[in-house]
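So, here come the structures, one by one.
Common to both upcoming complexes is subunit A, partnered first by subunit B, then by subunit C.
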Partner chain A sequence: MRLLLVRKIRGSLPQIWIGGILTGAVLVAALLASVWTPYPPDQQVIMERLQGPSMAHWLGTDLYGRDILSRILGGAQTALWVGLAAIGVGLAGGLPLGLSAAMNRNGLIDTAIARGADLIFAFPALLSAVLIAAIHGPGMVNVIVAVGIFNIAVFARVVRGAALSIMARPFLQAAIAIGRPWPSVAVVHLLPNIAGVVAVQATVQFAAAILAEAALSYLGLGIKPPDPSWGKMLADAQTLLYLSPLQAIVPGLAIVWTVLGLNLLGDGLRDALDPKLRSLRAI
Partner chain B sequence: MAGFLSRRLITLLLTLLVASLVVFWVLELLPGDVAQLLLGTEVQPDTLAAIRAQLGLDRPAMLRYADWIGGLMIGDLGDSLVYGIPIWQMVRDRLAVSLPLAIMAFTFATAIALPFGMAAAVRRGRLLDVILMGLAQIGLAIPNFWFGLMLILAFAVLNNWFDAGGFPGWQEDPVGSLKALFLPALALGLSEAAILSRMVRAAMLETLGEDYVRTARAKGLSVSRVLFGHTLGNAMIPIATLMGLQFAFLVAGSVIVENVFYLPGIGQLLLKAIFERDLILVRDLVLMLSGFVIVLSFCVDIAYGFIDPRLRGNA
Partner chain C sequence: MVTMGQNRATKSDFGRVLRRAAGLIFASGLVAFAVTVPVTSPALAKTGIVLAITLEPPHLDPTAGAPAAIDEVVYANLFEGLTRIDAQGQVKPGLAERWVIEDDGLTYRFILRPDVTFHDGATFDSSDVKFSFERAVAEGSENAQKGLFSAIETIETPDPQTVVIKLKRKEGLFLWNLGWGDAVIVDPASADTNKTNPIGTGPFKLDSWARGDQIRLVRTSKYWGQKPAIDSVTFKIIADPSAQVTALLAGDVDAIPNIGAPESVAQFQADPRFVVTPGTTEGETILAMNERRAPLNDVRVRKAIQHAIDRQAIVDGAMFGFGTPIGSHFAPHNPAYTDLTSVTPYDPEKAKALLAEAGVAPGTKLVLKLPPPTYARRGGEIVAAQLKAVGFEIEQIPVDWGQWVSEVFKGDHDFDLTIVSHTEPLDIGIYARDDYYFGYDNPAFKALMTKIDGVADPAGRNTLFKEAQRMLADDAANGFLFQLAKVTVQRKGLKGLWQNAPIQANDVTGVRWE
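== the complex of A and B ==
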């Protein structure tokens, strides 16, 4: 199965390559930021505030004289952490829930999980994130929880659907027939076969988490200052649009770059896993 | 059909009930109560007790919940803690901004998505398809608030064609009000346009692959005749339902775009209520917005049932 996947990806679609390069660059930036940035991201030099691009500050400085490039790199780290953690929360909750729902098809557990997911989807993701952040105050952990809860519902639904389609297959029926216990069937037979679908969904949710973090931080409900966040940088830049437009442009481009990369990667992987879709898609 | 309707209606009412419970209890979990939040920590215990009694906070939560829901049933949303005026009045004024904004954004999104999606489907696999769907991918990746900022930069800062934000009011200046909603609606509509154009393309492709479309072409009908006479109508069924659901997301998205453009809409009111800890207002607004989404998806479900009888059975 794994070999097949590798082969499919290799002979594959341009969007996987483009998406992979875009995402890879962000990953490198975030890793780089953990060991080195041109200046400490929160170092304020008031004398050097609101400077344009120069050799000393490639992207200029903000209102407090902080180096914008350093804050963009630091923001990459923040974005990836929030994205990864929100996926982690979603998988930790959604995987067991989705698997139990699939095994208990149309039973009480299945119905309860389905209704629970319906309820979470009834609140637009951004709205529930705003509500949670409002109650617990701004901060990275609260953003992760807010986005993560939505992800639990997403993954539970995806895992259930994928698991049900696999469970109809003969090899799984055979495993059940020879009396393997359910947990072992789930781990040995089900999980490896739904991993691809889950991975695709994870990239899409990753991108959504980054967008949500940026939006919440922009509203003042996300990452707390002085930690660097692209959304927060945009909020700060808004009042300075006349003086220093570059400050409003660069963080936005960073968000678009990252989200575009992840979305392309997700789409590409989905098509690679399911060639039937390929004919339907242009990019 | 009656059975399908009543089953759906019961689900709708149950979902609304549970949603209201969730909103109520989530806000109950807050440390300290409303009275404490209003008066701060330096307050005399007897003052606190008096305010609690006045707000009814000394009564059990279940009763307060029942009061709230009872009030909602007869259209009484309560009074704002901070402003002391009836919430329905605030909501009514704000809807006069938010609703036109959402409708305008939706119009933009549809006006872009339909031709784009159709053109991409017809030229599937060709250069035009790749360019249009590439644009859609970029549109999906652009956060609406950043796009809003860029619109302000381009049309209010660099060129003085629009104001950077604010809203003059419908009565005072109808044309100016419409103009004030133009850029926000564009910002809000962009990602919707991207999502919709992908959906339109997929729905068109699916319909174009049907036998009756091939038959229509085979009997000599022109491409445009087949496209507009036979394909579009059928492809519109899934598109229309998805559009209904997308409209709900648009309303949620307006929370953030209204704050970019300083528009006095529901979204701005919600954020203000959060920062001012006006919990009664937060509770009402969140339930209103999610209730709107729930009712909208109910309508979409029902519409689907009407259009496609197969869906009624296994509801």
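== the complex of A and C ==
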């Protein structure tokens, strides 16, 4: 199964490669930031504030004389943490829920899960995130919880749909017919077959989580200062646009870079893994 | 195949689209140019003004609440007191035409102006004065500054034009106190509804209030004094500093009396369409410390915190140089001011030594709650870094004003540190209050404040005020940061806005277009 996935990806679209490289760069930046940044991200030198790019500060300094490059790298770490954790929460909750819903098709559990997901979708994701942040105060954990809860519903739905389509297939019917227990069927047969769909969804949700973190931090409900966050950097840059446009351009580009990378990767993966689209391209 | 065909068509169109786009951009540039030119010419004769204010007042009764935003709309414009504070901070006659202080220094005889009416047509006389002051100190009164009236023994109204106030003790600042927004004169008939439908004696009356958007006052036809040159004033509520800047640039507002984004000042200074006036306020910006809590109840720790703070760096970093470092809770422009910034100068090594002496371990966590204004959020970021440098771990929590009032100012006082500007004039007396939010409790200071109240002679008072300032600095009662500046940015040709803010007000009675 895994081999097939790899082969599908290898022979496929340029956006996977472009997306992969963009995303990979962010990953490297985040890993780098965990061991080294040019300066500590929160080190202030007020006398050197709002400088343009120089040898000492490649991307200049911010309002408090902090090195922008260091904060961008630190921000990458923040963004990836939030993204990964939100996906983790989403998968941890959504996968089992989606699978049980699929196996209990139209039963009580299925209905309950579907209505639960409807409930969560009924609130705009950002609004519920703002709600949680407003109740529990700003902070990284609350951002993760807020975005994660939404992701649970997303993954539950995606997993259920994908699992149902696989369950109609003969090999799975056969597995059930010979009496393999449900958990075993789910792990051995269902999971590998829906992995592609889930992976695609994960890249999309990853990008959404990063945007949500940026948006919440921009609103002052996300990452607490002085921890670096791209959204917070944008918010701080707002009144400085005339004075030092770099303050807004750099974190803005970082967000665009990351989200574009993840979306390209997700699109490419979807196209590569979707049999219908593949057959279309072949015509 | 179909898709490919479409792609090709798009490609061949691309050049044309690009050319068209270039043309459009060029054309819009021309339009923008054409639009900007007439703005500088005095084509429009303006009769009203629009001011941008940061905070929306919760209501419009200055006698029933502390928020400065109330006074910044209604003071002198809509409501008037017996005396008024002018742009220079001097006490001037208001509804009282003149007054006589008897030789005992305890009896004030006010002669009221004749022919004064409230906006609803009710006549103003001495009974309104008696009513207003008695209402202010009555049980259940919401007046935020009851202390202004605490010296009053009796109020007599021998005739409609005369008020005789007898004091329990000599009060050097009595006439000044009566000039506050909290001491304006209201009419018994309308007093209870002033919050939403303010009825005063000022030259402007309320026209409309679109909540969350703007408050509009219009000139009354009947005013006892000089008729203002402008016929209306609109206070546009714009909380976001960058939106204020944009609104001024776009011509939506005529002036920002107190710009929230000091970094945009340079941009306006370079623009001939605008005039920038730096001034001062009565706002002592402090790093308030909750002295109910360990380790902040230890004077050595508080001193260490003050030593850890580089005041000038905060003024430069947070306020772009606008502001004056202070060493105690007193405004530098006040004659009684004494510079005490040298009592606890910036000295991180000394701070560390003091902390070690007080047994405060490195990594001790303190919660710093920051209300919305620029001085607090940005100042907090810098203060946190400076305190981190001497070994504290600071958790910055941004809060809105409602939260700040309920969590820090009232209730359980759930905070270690907070940054706030105390904008009431001459408010060093807050350190004598019982159970005030920062919990400073010093009987010697309280005694000193009582003593000052009894001294009428200005020189004597100033000496005592200096003593009080020193006491607070020696006790490091709070972290004293800087005196808040008031930078006004206004459209060229607009004259008469206050440069300084000796009292919370946007007095537009003298504003005119030239």
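We adopt the following convention: the second predicted complex is superposed on the first by the 276 of 283 C-alpha atoms of A that agree within 3 Å, B and C clash if a C-alpha of one lies under 4 Å from a C-alpha of the other, contacts with A are read in each partner's own complex, and residues count from 1 in each chain.
We adopt the following convention: contacts are C-beta pairs under 8 Å (C-beta built on N, C-alpha and C of every residue); 3 or more make two chains touch, one makes a residue touch a chain.
Please read all numbers here as calculations on a predicted model, not as lab measurements.
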Q. Of the two partner chains, subunit B (first) and subunit C (second), which one does A:242 touch, if any: first, second, both, or neither?
A. both
Q. For A:49, is the partner it touches subunit B (first), subunit C (second), both, or none of the two (neither)?
A. second
Q: Go through the superposed model and pick first if A:93 touches only subunit B, second if only subunit C, both, or neither.
A: neither
Q. Between subunit B (first) and subunit C (second), which does A:38 come into contact with in this model arrangement: first, second, both, or neither?
A. neither
Q.
Quick one: is A:264 in contact with subunit B, with subunit C, with both, or with neither? Answer first, second, both or neither.
A. first
Q) A:65 contacts which: subunit B (first), subunit C (second), both, neither? A) second
Q.
Taking the superposition on A as described, I'd like to know which of subunit B and subunit C A:255 touches: first, second, both or neither.
A. first
Q: Please tell me which partner, subunit B or subunit C, touches more residues of subunit A.
A: B
Q: Figure out whether A:124 sits in contact with subunit B (first) or subunit C (second), or with both, or with neither.
A: first
Q: Would you check which partner chain A:137 touches, where first means subunit B only, second means subunit C only, and both and neither mean what they say?
A: second
Q. If you lay the two complexes on top of each other, which residues of subunit A touch subunit B in one and subunit C in the other?
A. 220, 238, 241-242, 283
Q.
List the residues on subunit A that touch subunit C in their complex, please.
A. 42-44, 46-47, 49, 63-65, 137-138, 220, 224-226, 238-243, 283
(Q) Taking the touch rule as given, give the residues of subunit B at its contact with subunit A in the complex, in rising order. (A) 15, 18-19, 22-23, 26-27, 29-30, 120, 124-125, 129-130, 132-134, 137-138, 140-143, 145-146, 149-150, 152-153, 157, 164, 201-202, 205-206, 248-249, 251-253, 255-256, 259-260, 270-271, 274-275, 282, 286, 289-290, 293-294, 297
(Q) If we count contacts the way the header does, which residues on subunit C are in touch with subunit A in the complex? (A) 1, 240-242, 245, 261, 263-264, 266-267, 310, 313, 316-317, 378, 380-382, 384-385, 388, 395-398
Q: Provide the residue numbers of subunit A that touch subunit B in the complex, in ascending order.
A: 118-119, 122-127, 130-132, 134-135, 207, 211, 214-215, 218-221, 231, 234, 237-238, 241-242, 245, 248-249, 251-252, 255-257, 259-260, 263-264, 267, 280-283
